[in-house]
Amino acid sequence: MDLLVQNLISPVVLAFLLGMAARWCKSDLEIPDAIYQGLSIYLLFAIGLKGGVALSQTPMTQLIAPLGVTLALGIITPVSAFYILRSLGKLSKIDAAATAAHYGSVSAVTFLAAIEAAKVANIPTDGFLPALVAVLEVPGIIIGLMFAQQQRAGGLKEALHEVVAGKSIFLLIGGMVIGALCGADKIQAVAPLFIDPFKGVLCLFLLELGMVAARRISDIRSAGWRLVMVGCLLPLVHGLLGTFVGTLAGMTEGGAAVLGAMTGSASYIAAPAAVRIALPKASPGIYLTMALGITFPFNLAIGIPLLLAFAKFCGKFFG
Amino acid sequence: MDLLVQNLISPVVLAFLLGMAARWCKSDLEIPDAIYQGLSIYLLFAIGLKGGVALSQTPMTQLIAPLGVTLALGIITPVSAFYILRSLGKLSKIDAAATAAHYGSVSAVTFLAAIEAAKVANIPTDGFLPALVAVLEVPGIIIGLMFAQQQRAGGLKEALHEVVAGKSIFLLIGGMVIGALCGADKIQAVAPLFIDPFKGVLCLFLLELGMVAARRISDIRSAGWRLVMVGCLLPLVHGLLGTFVGTLAGMTEGGAAVLGAMTGSASYIAAPAAVRIALPKASPGIYLTMALGITFPFNLAIGIPLLLAFAKFCGKFFG
Amino acid sequence: MDLLVQNLISPVVLAFLLGMAARWCKSDLEIPDAIYQGLSIYLLFAIGLKGGVALSQTPMTQLIAPLGVTLALGIITPVSAFYILRSLGKLSKIDAAATAAHYGSVSAVTFLAAIEAAKVANIPTDGFLPALVAVLEVPGIIIGLMFAQQQRAGGLKEALHEVVAGKSIFLLIGGMVIGALCGADKIQAVAPLFIDPFKGVLCLFLLELGMVAARRISDIRSAGWRLVMVGCLLPLVHGLLGTFVGTLAGMTEGGAAVLGAMTGSASYIAAPAAVRIALPKASPGIYLTMALGITFPFNLAIGIPLLLAFAKFCGKFFG
Amino acid sequence: MKVVPLTKITIITENLLRDRIVALIRKHGATGYTATKVEGEGSRGVRASDWEGRNDRIETLVSAEVAEAIIEDLNDNYFEDFAVIAWLSEVNVLRGTKFIS
Amino acid sequence: MKVVPLTKITIITENLLRDRIVALIRKHGATGYTATKVEGEGSRGVRASDWEGRNDRIETLVSAEVAEAIIEDLNDNYFEDFAVIAWLSEVNVLRGTKFIS
Amino acid sequence: MKVVPLTKITIITENLLRDRIVALIRKHGATGYTATKVEGEGSRGVRASDWEGRNDRIETLVSAEVAEAIIEDLNDNYFEDFAVIAWLSEVNVLRGTKFIS
């Protein structure tokens, strides 16, 4: 409980709430489109850089297990999401497939918030985590789309290109390659832009995201209690699973919790673009509202602190 | 005199002059709209954060007197401005009311320039000053608008919402709340973005503001010597008053001078938006030119150094 | 060879390659226009500031020789470029003149990359180099345009105004004046924005430039091997010349190499704007492709490391 | 392809009024609108404030009656005091029936 | 000055389809296009993602036959499932012959 | 509401010429203009420089005579060498008399 409050009272989370408040009191506050895109480019590239440096410092043998379980999670979670959405969520096949693609992938901002929370709580994490984001992002989308193969209008190939060459994966991997090639020493030269002000930029980004989420949250009513419930259940189930297998793979306590948060999160940047192209008949009102309006705030407020506690527990018994 | 020159030769003031020069030699230099708005968002949020941290460190008892006098100034100055503009300025009732709303409110950039100048001159200020900006900004606009109650087209309520939920007040107060809740320790994490580069960002902002002001200054000719005179008189009268009562309220020497500069300044961001809605028949050519073309440069070049000297004097005799 | 690799593996150069890669794999990555312009404004102003501070610390007597040789290079290189483009490049008179204006001027980004490379290789440079950029930028364009005097449509005066009041020169000189007036101490206050994150911003800028260059490189085919050859020859000839006379003028080893890189570079910001106005009938497909598609990458990959080696050689025998 | 002739109203307005004008056209039954950030100069040089950004161009496809109602309302409430101009043009809209509420 | 009467097609599309629609109009013989970033609201509220940015407005000047082909294709492939609208207007183009491929 | 039929000239120009073309239309008596940043492709791929930004779209409402004068001037001075296109359309302008200088 204390951890929860401690996690919520941080500039990053409060900026998110401020963004929601801006919508609620009808402020004319607006982050210009160009600035928002600039912030996204910065964040993804910076995460990549940091991850790349960490990769260059991690022996390959230490990476194999985490990479393996992450790939497995990327394959399992869209499947479990699909069946839960069909059975409990009562979604049509195509909407379930589209939404499963989102829950199979990963939300970069949830990832960052989890890293943050671990740091605030003084729990050490693994430096190579950004590499896992890249590994986790793609397979879930592919598998999700395959569930709706018959109904697809656009080609699967086209949708895949949308994900892999899409700016978020491109910048993440590009940054990672640069970080790995340059190593810690040379990256030092760009640290005053890409490392030090990172959290501040994240604040501004969450300010905008809060405004977007506030718009989505008002859509929840139309979504119905069923989807709200599933939108809380999925991050829970996937989150606990991710944290558990992360611990088994020998990750640090914080690393396992962050992997759990990633697994539990639903993509709302890469996945929607791919799904829109491949499954134009699926309803964005369902998948976007669930990913951004329900699961994202749930993870910020409840999922992450819970997983941090669960990781401690796992660490004791299986670590 | 030396203080004046010292005050003028700083990156911030020179950037303002460079902006003016850009207009005069017809450079095609242009700060993109989105960047300008991004800078504004940054500055207001950062001022708020800093102020919030300061508030969290100031005992409430120390705040009461400054808050009280600031509120009083917010009520007195639009009244005095209205009568001076009617009598000396020979403005019509509606234009006088519109302009009084500007002089009753506060210019955030003048506030920042005053803080800067105090720092350069090594005069200590009070950390809670940003809170005073928020207190001073609103009442002046309301009272100014009430002077023209009969002529108003849009509702007063609508105009008020424009001010209070307007992005400038919203970000300032939002930042302040976050700063106060997080406290100095947690704000440390975002300092590399919101604290350290602050002055540099202010530079870029003033570059743009210089270009805007240069356009306005060329409108002075059409405004006539009467308005130029009143545009210099008002910041003087209000500035001296503000500094004097600030000293009486027990503020530091620098704090009193900054309060004076705030009181003497005329809003050109929040007030114009409110006035335009509530008093569409008032002439922007008058109130904008006076606020941005006359009073703002006057305060930068003469008002602030003068008030710093006057605050020292007050401090000796009434402090 | 080792120096070459060392020069290429830096965040700045790799960001440029990443930008090219983005085009090649058809990523939808796009730096918003406003951000790109914001980055340019930042970079030019920051170079100016740094140069101005350096100028304020350099005795005038030390400046005369470097300024003199730079002016001489600005006069000689458009002439040599014109004749080489006519004879070897087989360009029409008007295209040769237009292109010569580019090679007579200077590319600010090449300048920055050369400074970077010297720093990475631990070779000291001269602080006043940004002042030389300003001196080198203008004369080349004027002389280039004069070669096509008969064919000119727009006035030479208009084209000159385009260069001198153009944003790049304006910000560079404006920043330099502010830097010189404020001196190192006062500039310290804005260092967290304009000095520390500089290299990081350069990274982002080169990311965009890589995308632009990739588009240009695909135009090379239509340009033909003749122009490719001349586009590599000119930076070589001019670069060696610049480094040589820089050494004679008593500049440091790194300073001479950077002057060489500047001399060898072709402008693709200031010159195109001027040429387009003064010589609308010249083909942008030729001058832009040569400047940005051939000479710029040539300088990054080969020119700069070569000139650093040559400067060491010159330093030994003529320094 | 069947197209439907509709009226397109284009409104150029200072940014301050953007949301109000969108509300106005919606009130009269427009099914949607498209807005663009623009700059401009006209007879009234001055905007509420530069911080407000430039002008906005609002376009809406409507039936002739809705168009009539919108321009009456605009005329009564905004043309006098604000920097607003508007024009009508006849266009042929694909799937046009969806725009007639 | 001689002007040529041509058809102007204006397409408002969610950003996701921008490049596809440009390819589509080029395929049918348009010699060029002009695109603007716009915002808007219509019957379908939702975009692929806010990160994708707002809508795009694509305009192209074409002959009547090319116009016909483009709108058929748009209608068959995009109107059903995506946030796309389009309209045609008659304009007089300077040096208009260069737009007839 | 009384509307006045006027000519709307739309000019798409590379950014470099923006200020020159605004001056040109003002010279011939246009009372105002509206400008939008746009992107585009046409027969001439290349712009002065990417730093210059994209194209601009300039629109002005004018009387038929002013329109004639503007397009003559454009044709004589810019069409040959620069990336400029223009078209005319007939629109009905509210309070249209203020646009006839």
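A, B, C, D, E and F are the chain letters, set down in written order, and residue numbers restart from 1 in every chain.
Heads up, the rule we're going with is that a contact is a pair of C-beta atoms (placed from the backbone, for glycine too) under 8 Å apart; a residue touches a chain by one contact, two chains touch by 3 or more.
Everything numeric in this text was worked out from a predicted model, so none of it was measured.
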{"item": "Required steps from chain C to chain F (each step between touching chains, minimum)", "value": "1"}
{"item": "Shortest walk length in steps over touching chains, chain C through to chain E", "value": "2"}
{"item": "Distance-maximising chain from chain B - centres being C-alpha averages", "value": "E"}
{"item": "Furthest chain, CA centroid comparison against chain C", "value": "D"}
{"item": "Whole-Å separation of chain centres (CA-atom averages), chain C against chain D", "value": "47"}
{"item": "CA centroid of chain D to CA centroid of chain F, Å", "value": "20"}
{"item": "Chain centre separation in whole Å, for chain E relative to chain A (CA means)", "value": "35"}
{"item": "For chain A, residues that touch 2 or more chains besides their own", "value": "28, 32-35, 37-38, 192, 197"}
{"item": "Shared-contact residues (touching 2 or more other chains) in chain D", "value": "36-37, 89"}
{"item": "Complete list of chain pairs which touch one another", "value": "A-B, A-C, A-E, B-C, B-D, C-F, D-E, D-F, E-F"}
{"item": "For the chain C and chain B complex, residues of the former touching the latter", "value": "32-35, 37-38, 41-42, 45, 49, 161-162, 165-167, 170-171, 174, 177-178, 181-182, 186-187, 189-194, 197"}
{"item": "Sites on chain F touched by chain C in the complex", "value": "16, 37, 45-54, 81-82"}
{"item": "Residue numbers on chain F that touch chain D, as the complex places them", "value": "1, 3, 6, 8, 22, 31-36, 61, 89-96, 98"}
{"item": "Residues of chain F that touch chain E when the two form their complex", "value": "10, 12, 36-43, 55, 57, 68, 71-72, 74-75, 79, 85-89"}
{"item": "Parts of chain B lying in touch with chain C, wherever the complex brings them together", "value": "9-11, 14-15, 18, 21-22, 25-35, 38, 120, 192, 196-197, 199-201, 203-204, 207"}
